[in-house]
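Look at the two complexes coming up: subunit A is in both, with subunit B in one and subunit C in the other.
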Partner chain A sequence: MASTVGQPTVAPSRAEPVVQRQRRLPGGNPWRRPWGMEGFTWLYIIWSILPIAIAILFSFNKGASQATWQGFSTKWYIGKQVTSVLHNPGLHHAVIQTLVLAVLTTVICVPIGVAFAIGIDRWRSRTSNGLNFLMIFSFVIPELLLAVALFLLVTQALTFIRLGTPAEVAALVVWNISWPAIIVRARLVSIGRSYEEAAADLGASRLGAIRRVLIPLLMPAIFASAVLVFASTVDDFVIVEQLSSTANTQPMSVLIYSNVHGGLSGPALNALATIMLVISLVAALIGFIGYRWMSRGERTKGGAEALTGIAGM
Partner chain B sequence: MSGGHVKLESLTKRFDEVTAVDEISVEIQPGEFFSLLGPSGCGKTTTLRMVAGFEPPTSGQVQLDGIDVGNWPPHRRNVNTVFQSYALFPFLTVAENVAFGMKYKAVPKSERETRVGEALELVQLSGFEKRRPNQLSGGQQQRVALARALVLRPSVLLLDEPLGALDAKLRRTLQVELGALQEHVGITFLYVTHDQEEALTMSDRLAVMNHGKIAQLGTPEEVYNEPADAYVADFLGVSNLMDARVEPGGNGQGECHVRLGDFILKAEAGQLNATGAVKLAIRPERVQLHSYEASGTNRVPGMVERLVFLGSTTQIFLRLANGSALQTLVRNDGVDLPFSQGTPVSVSLPAEALRVLPDPGVSVAEIRDETLGEDLLDVTSTITS
Partner chain C sequence: MGQRQDTHDRRNRGLWIGLALPGAIWLLVLFVAPFYVMLSVAGGGINEFFQTVVPVWNPLHWSSWNLSAVWHDIVGHGAFIGPPAFRTFLYTAIATAITLAIAYPVAYFVSRYGGRRKTLFLVLLIAPFWVSYMMRMLAWIDLLQQGGFFNSALSFFGLPGNTNWLGGKSVTVILGLVYGYIPYVILVLYAFLDRIDQSMLEAARDLGLSRWRTFWHVTIPLSKPAIIAGTFITALPMLGDYFTNQLLSGAPGTTMIGNVIEGQLGAPGETGQGAVLALMLLVVLLIPMTYYVVSTARTSREYA
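For the complex of A and B:
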């Protein structure tokens, strides 16, 4: 502050202007705690989690209110006759229907998606380049559009696919195929071709190399994508809403939606939503742990891949 | 295990516009240790991949024991590869890795275990059967890769820079072991490397490659002592290259007179019948330094630019009066060197060590850049594959 050009400062005060200059850096101290960003992050977390937490809380309400807390109880899950999730046929059937759809979709979707990814990545041709687009299909097309289109298809043209579970599964497979395709392809790219070449060199045919070497190497990615397909099917609403037929083929999401404004309301719906959330969370958790376990001992840790995969859900 | 005769005939590989391998023809005898040496991007790996079956040739033939296998898939060829990355299967144990290929070679189950044991013993890895590849060091992984290929008793073993990922000291040890192993098993080895020391120490014969062509083919001694051109001379160890012109006065047979700046020198090696612009090469260990005042034949005045202590020797960088840069090696035998930076010296270039090489039409600096190679080129060849 005091030293200007041509005016040499005395030795003892030399340290001072240096400190001063540091304080006046344009953006301040870059190593200080980012209070602003941190606070905003917490606000965001609270904003997104609080309503869910309250909804979960009221599934344990003793009374029938979704707004006034009247004490803790699990009666909306198992205790109460007729209207609890366990004893109401409509509610517990919805849970079963959700699980059936999730399992069937996963079992059908993942193998097709894996084959799709291998096809696009390993057999390069003009066709595979064009099909590359299909892989991001579900990110580009609005879900409702696909749901309505498929509804028309199965009711007008492909009538052998009955509305209800078959149509729901078919549509969910189409909608979710991108998960295995993209995740498995990412891993295909990262593992490269040298393992397959080594297998071929040791005498394995093309299919033999895929079966004995490629598939085991892809297992973590296949598993992670299976979990994502499962969780995303549990959460799905638009497609199953369009393609369910009777109350028997309505999964949890549809039931909650159609009852939340009138109809069968009350904490039992909260209980149903909580079950849906727990299924998704458990699937995600299993997926994350399983992925880490399967890809253990690999030099390039797959943690980042798994994280992005789970986060995309 | 019989056979192992490899014959490449006008073998060519083009990737779109790039010619990676350009009509090379080589014959490798059964049981020979043959190296392909060259900087990254010279086509050596592509050549190996065509022998292995990972790349179909654009034209030409790959003959294994007299049969053209150019378009056969890799699994039908009786050759095995040790990859630069090893490519060990991470989900299998060492024993399972080694046993992988035997399933396809109709080896009876009872015999498989014995052969795995033998192969691991051969590479000194007995006792490691149950480990996984990621629990092994780089050198051990390399040995597993070797065992996995050798257990199938191929007629030719292909090695793609197998020591490239290891540190210098381990590389030296494994060079010796690999050479001994090859003699022991008697299989034809086709070895690809960019390391001239590896190629010189292990090979029976080697081919120096440049721009997809073979620049020189011969025994390590021939290629090192009598390089065919400036490129080979520079690639095989540090070689001093100088621009010069042939002067009349030589007899074109036993000796040749060359002009280096203001000085006329006598050269007795290389292309003595050359005319016009040439390159002169001399190995650093053949260059002698004398005090500036001393006189003698074939001497050029120069100046010491830099001294680099290497341990057993000291490397001396010189600048000659005509501007050429030169290196020499002086043994350290306990006596202080009479040179330091800036000392004027008289540089003796013995006529019998001074080699006349045809002028490739490029400067010495450009040759040097080329022989240093660019790793990027190797990456492109992998991508295009």
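For the complex of A and C:
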């Protein structure tokens, strides 16, 4: 990079298309590819993915070692009598609990969040602004503070929300409600009002216009937020750790955490983590395909756009 | 946005309120009310016999007993909260700086030079986002344990390969925090940087600025909101983190404020002090959080 500073830069003529500028010009070309940065990016990618790949690999290890490969086996998933995910009641309970929490949270959270987004966007008042602030606050507050406050709420005040699955779901819904609310609201803004007005002019009722016109237009955003809520619930640790009661209501993340220092052996935990990963990846894949399919009519949505759409941006 | 639309909105106000209501109730009951309970526990007393919490609901009767107990633990004789509190801010500052130093070039490269391979890069950058935090920490525990791959690699290069990386090392915890939170930051930075108008950069180059000066005088100012957002979304959760250090060290020398809050909350007779400490952290974070919320709300209004 420094080499170009002192030299007189050959200013490329304006008529020349950008594509050609990228490589063809002789030395001192200001548009050349930044190899240093590209190498750095690849190093980052390796650093971020390799440890996980090794952990997945060793969940298929025949022995209990995390560092010596002793042959392929699925015994940590289904084979071993006591410590495999299939046969250990604690382990497979955790898988079920994770799925139960993720499904319940998504089913409750997404409709509430979508309705909230539409309501807040149209009902322009002090109150709706205040509610919007509150919603964004719930997005940025450190999870531990919310979890502790919710723990005190359900143990000291609203004791009818029992610790365990009810408290976990109630808390996960409030922690995740900002996903649908923020994503759907952004989409509402970009859609504008004209479609709905056209429907109203053609005689549709307000509710009919929402149901027949607005909701279909919002579908990609609703779907993307559902996938995000599901994945973030599968991944959640702090809230479920604070609000679970017995071992039966501990999902996978809590079980992994409490067994890392002693307890269940390494490969079985790796197997559990791999199952968790597969659940998330299936959700992501469904999300990616579904998102592309739902937004198929719009402009030319490339893969990159669908990816960022599904990541909530 | 005309007059007609305003009357439309006004006529349908009941509908909009009705739609917003379930979410509003959920937020009030499960987001606002919990913090009032926290205040009541913090200002309440304890049952001397059972050592259980006795919340006081009337603000006029709140006592400062828990507050002074915590204050004594922070600054008084034998204070044990000071070091973890200091460590929390130190770890967060270092880890946030490292995270941004890694995330910015990566996001910048992919957004500007990704070219035809942009989708591939995005898949690879988003992949860790879908791997649970626990699994990513578990993967490093496997690598860093004694006799693990990391030590083997060190001894392969002739370095001492018997370090106990999981035995309470600050550097392990800080790198664990970086590894844990960096995927989110990269995505946020990418989303911002991708929106920067390339023609601005080309104009700067055409006007004779060097690569570095273009970066310094055009790109950096344009990506200021991205850097601010990135700092917030890394630093805020790190300040409330209590599990990364437990997983990667577990030693008292690396505890953070989250561990103290969690410990006190579960200890008989100390729940009220845990509540006070959580509220203190909340008060400290209220200013940066409000700043972030206001600027986010303003951006979304500008788009509207």
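One rule holds in what follows: the second predicted complex is superposed on the first by the 271 of 313 C-alpha atoms of A that agree within 3 Å, B and C clash if a C-alpha of one lies under 4 Å from a C-alpha of the other, contacts with A are read in each partner's own complex, and residues count from 1 in each chain.
By definition in this document, a contact is a pair of C-beta atoms (placed from the backbone, for glycine too) under 8 Å apart; a residue touches a chain by one contact, two chains touch by 3 or more.
The structure displayed is predicted, hence computed values, not measured ones.
By the touch criterion stated above, A:203 is placed in contact with subunit B alone, subunit C being left untouched. In the superposed pair of complexes, A:216 makes contact with subunit B only, with no contact to subunit C. Shared-chain residue A:177: touches subunit C; no touch with subunit B. By the touch criterion defined above, A:194 reaches subunit B but does not reach subunit C. Contacts of A:152 after superposition: subunit C is touched, whereas subunit B is not reached.
A simple residue count on subunit A separates subunit B from subunit C, and the partner touching more is C. In the superposition on chain A, A:112 contacts subunit C only, with no contact to subunit B.
In the superposition on chain A, contact is made by A:58 with subunit C only, not with subunit B. In the superposition on the C-alpha atoms of chain A, the part of subunit A touched by subunit B in one complex and by subunit C in the other spans residues 193, 197, 200, 206.
Put simply, subunit A touches subunit B in their complex at residues 193-195, 197-206, 208, 212-213, 216-217, 219, 297-299. The touching residues of subunit B, counted against subunit A in their complex, run 52-54, 73-75, 79-81, 83, 85, 87-91, 100-101, 103-105, 132, 134-135, 148-149, 152, 385. Considering their complex, residues 1, 5, 8-9, 12-13, 15-24, 26-27, 29-35, 37-38, 40-41, 53, 55, 102, 105-106, 108-110, 113-114, 118-119, 121-143, 145, 147-149, 152, 179, 182-183, 187-188, 190-191, 194, 202, 205-206, 208, 210-212, 232-233, 236-237, 239-243, 246-247, 250, 258, 261-262, 265, 271, 274-275, 278, 281-282, 285, 289, 292-293, 296-297, 300, 303-304 of subunit C touch subunit A. Residue ranges of subunit A in contact with subunit C, taken from their complex: 1-2, 4-5, 9, 11-12, 14, 18, 30-31, 33-34, 37-38, 40-41, 44-45, 48-49, 51-52, 54-55, 58, 66-67, 112-113, 115-116, 118-120, 122-124, 128-129, 131-138, 140-146, 148-153, 156-158, 170-171, 173-174, 177, 181, 185-186, 189-190, 193, 197, 200, 206-207, 231, 234-235, 237-238, 252-253, 256-257, 260-261, 266, 269-270, 273-274, 276-277, 280-281, 283-284, 302-304, 307-308, 311, 313.
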